[in-house]
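Common to both upcoming complexes is chain A, partnered first by chain B, then by chain C.
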Partner chain A sequence: MHIPDGFLSPQTWIPAYGLAAGAWFWAARDLRQRLDESTVPRLAMLTALAYGLGLIMVPLPGGSSGHALGVALLTLLFGLRPAFLAYSGVLLLQALLFGAGGVTALAVNALAMGLAGGAVALLLFRLLRPFQESLAVLLAAWGSVMAGALLLALVLGAQPLIASRADGSPLFFPFAWSVTLPAMLIPHALIGLGEAALTLLVWRYARRRGWVQTAAGSPVTP
Partner chain B sequence: MKALLPALSFILMLGLAGQAGAHEVHVQVSPTQAALIQLSYADGQPFAFEAYELYPGAAELPAQVGRTDAQGRVVFLPGGTADWRLKAYAADGHGTDQRLEVALPEQPAAAPEAAPAQGLDRFSRLLLGLSLILGGFGLYQFFTCKKRKSSP
Partner chain C sequence: MSRPAPAARERQLLAAYGAALVALSFLHHPGLLALLLALVLLAARGDAGPLLRRSLGATLVFNLSVSLGYLLLQAWQGKLGTGTGHYLLTMNLRVLLMVFLGFWLLTRVNLLQALAPWPTATLILTLALGQIETYRRLLSDFRLAFCSRHPAPPRLGARLRHGASQAGTLLDKSLAASTEASQALRSRGAFDA
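This part shows the complex of A and B:
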């Protein structure tokens, strides 16, 4: 799902960096109050898991491939702000070490997958937890993948409208929404199922170990 | 007049034959040396049947556009140009945009410019990333604990 360098116009990624800078500042505020000596090692371990998950490519029908994210898991266990910061770090490392996602596209990737994906996960979890907690975790994880995929498909599909040559041919990513939306959403609906199963597995383990912050199983506040 | 009609018909047929010839596409196959670019996903799957654009040097217009073949390959004739830029796109956002140095005859091959962390293999890069994450959080823990202990 990571957008590489060269796919986005400067008109897209420069404002995105401005927006992301504000979001990173917001996320870093009061971080010390949100994390204590017991949560930091767990956050480190699950961030490492998210980093590893992002590098395991699963072949998908149609010849493409995809990977899990781990954003929902980080968000449900540690809250939106620490999860967004941690996942932004994961994206930076994946870009620098593996070329998975670009440095110019880092802000867009982080906002779509880390912030929007995490926010959707938290929202769905809070809405559905009163009915059935496991179902809430499953749908939160699936929803986080779909939200990230939807936003990235919208950003990619907007590129031909944003930047094109005099003859109308696109300067950057060439496909329109009619192509990017199904191409992103259909495979990620499948990836989301795997992500949901994995998130539920780790969530249950975390509950058994008492890692979930309150007795009711609610995540920390954003 | 009777003799003129077949002659005119013959001339007309010749003319039509000439018109038809103008719509023919001639195909000529000749063996030559070409440059081969192989594109694949991280798990080794070929980046097959995806769109690409190939730009010579700093040109703004591509010299070649098309789709990769079933093996994820792009074949082209570099001519005298060593510096190329390849943009390859899948509709789901996968792809690459990088500069390539193509070995011209009598010139040693050079490595792609933009490949990340080239000195390390994939496993070492994975370990490096994990160590940076765990080390980073360890440092955070170390300094925040120190501050907490030193604060009254």
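This part shows the complex of A and C:
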């Protein structure tokens, strides 16, 4: 669901960088103390997995793309802050190495998919885990995809309102919410099912190896 | 005048790239964008052809879907005119130029060196890049081995079994490789407070 370069107005992406800079600072604060030689390899491995998943994408008519994220997985295993930072790195690599997403859209993509997607995953997981863990993982992953898609659809659809010529023709992304919302949400509702199944598989792999952090089995706190 | 140190040069190029992206976001004239693209292609010299092909490959599908969608919407609303062409040219040239600059930057800048002032970002990116390479090599090995075992096209069941065993091995090998890398980092004091 990356937004590529050139589709966002500077009125959108420059303030988004300001917001993301604060979030990156918050995420990086005392991170070195929270990571050690046992968690770093896992984070690196799953970050690389998220990178690979994000590159298998299909273009959507609304001007974005559909793909799995891996954000829920990173968040449930490592907490929101490391996951947000790691996913921002994934987005940077994808933008620079493959032109997937973009550097100007990096902050918006990271905030929507990495931060909001991760936060929704963590919230749903904590709410639902007391009832059924597998269901909690599935819904957390699906919810993270939908949250990211919703935010990006809102940002894209706002572009004609934010930046257009005097005659009303667009300067950046041309479609309004009436196009972006269904174009993003309907395919991602299906993509989210695949993401949920994949997240559950890797979650079980992680559980078998004892990576789930606390005695109660709750993930690392954000 | 002396040449800047390598790390300083990396950061200067990164800053110039950032400034170029900001400037391009404020340009809305297709002629000017086309002129800038031509200048950048000339400046890239021998790299221009491969980088342009790579940029076109990266942007074609998405830009085509937006361009065609916009064209159809304008036609349906009876608003087709010079404004439509102007917008499509501007948008496509700007996207192409931005993506080209990003790829060009990577041929000139060592990303890890440029990110050196942010050690946590460098640490995670170094390890993730190592794992990406591990995944790439393993996938290639698995694909070649699978092809050599199946002279005729394999059935769906065989493909699924292959995919499942490949996924498990990928995760295990990647974990082993990154454990090795993080132990090397530990021995060099990377986790010391």
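The definition used in the following text is that the second predicted complex is superposed on the first by the 214 of 222 C-alpha atoms of A that agree within 3 Å, B and C clash if a C-alpha of one lies under 4 Å from a C-alpha of the other, contacts with A are read in each partner's own complex, and residues count from 1 in each chain.
Keep in mind that, in the parts below, a contact is a pair of C-beta atoms (placed from the backbone, for glycine too) under 8 Å apart; a residue touches a chain by one contact, two chains touch by 3 or more.
These figures come from a predicted structure and were not determined experimentally.
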Fit or clash - chain C, chain B, common chain A: clash
Contacts of A:Tyr205 with chain B and chain C, given as first, second, both or neither: second
Partner chain in contact with A:Gly6 - chain B first, chain C second, else both or neither: both
Chain B versus chain C as contact partner of A:Gln94, first or second or both or neither: first
Which superposed partner A:Phe175 touches (first chain B, second chain C, both, neither): both
Chain A: partner with more touched residues, chain B or chain C: C
Touched partner set for A:Met184, first chain B, second chain C, both or neither: first
Overlap of chain C and chain B interfaces on chain A (superposed complexes): 4-7, 32, 35, 37, 40-41, 43-45, 47-48, 51-52, 59, 63-65, 89-90, 93, 95-100, 165, 173-175, 179
Chain B-facing residues of chain A, complex: 1-7, 32, 35, 37, 40-41, 43-45, 47-48, 51-52, 55, 57, 59, 63-65, 89-90, 93-100, 152-153, 156, 165, 173-175, 179-180, 183-184, 187
Partner chain A, residues of chain B touching it in the complex: 41-43, 45-46, 48-49, 51, 60, 87, 89-98, 114-117, 120, 122, 125-126, 128-130, 132-134, 136-138, 140-141, 144-145
Residue numbers on chain A that touch chain C, as the complex places them: 4-7, 9-10, 13-14, 28, 31-33, 35-37, 40-45, 47-49, 51-52, 59-65, 85-86, 89-90, 92-93, 95-100, 102-104, 165, 167, 169-175, 179, 201-202, 205
Touch list for chain C against partner chain A, complex: 17-18, 21-22, 24-26, 28, 54-55, 57-59, 61-63, 65-66, 69-70, 73, 83-84, 86-87, 90-91, 94-95, 98-99, 102-103, 105-106, 111, 118-121, 123-125, 127-132, 134-135, 167-168, 171, 174-175, 178-179, 181-183, 185-186, 191, 193
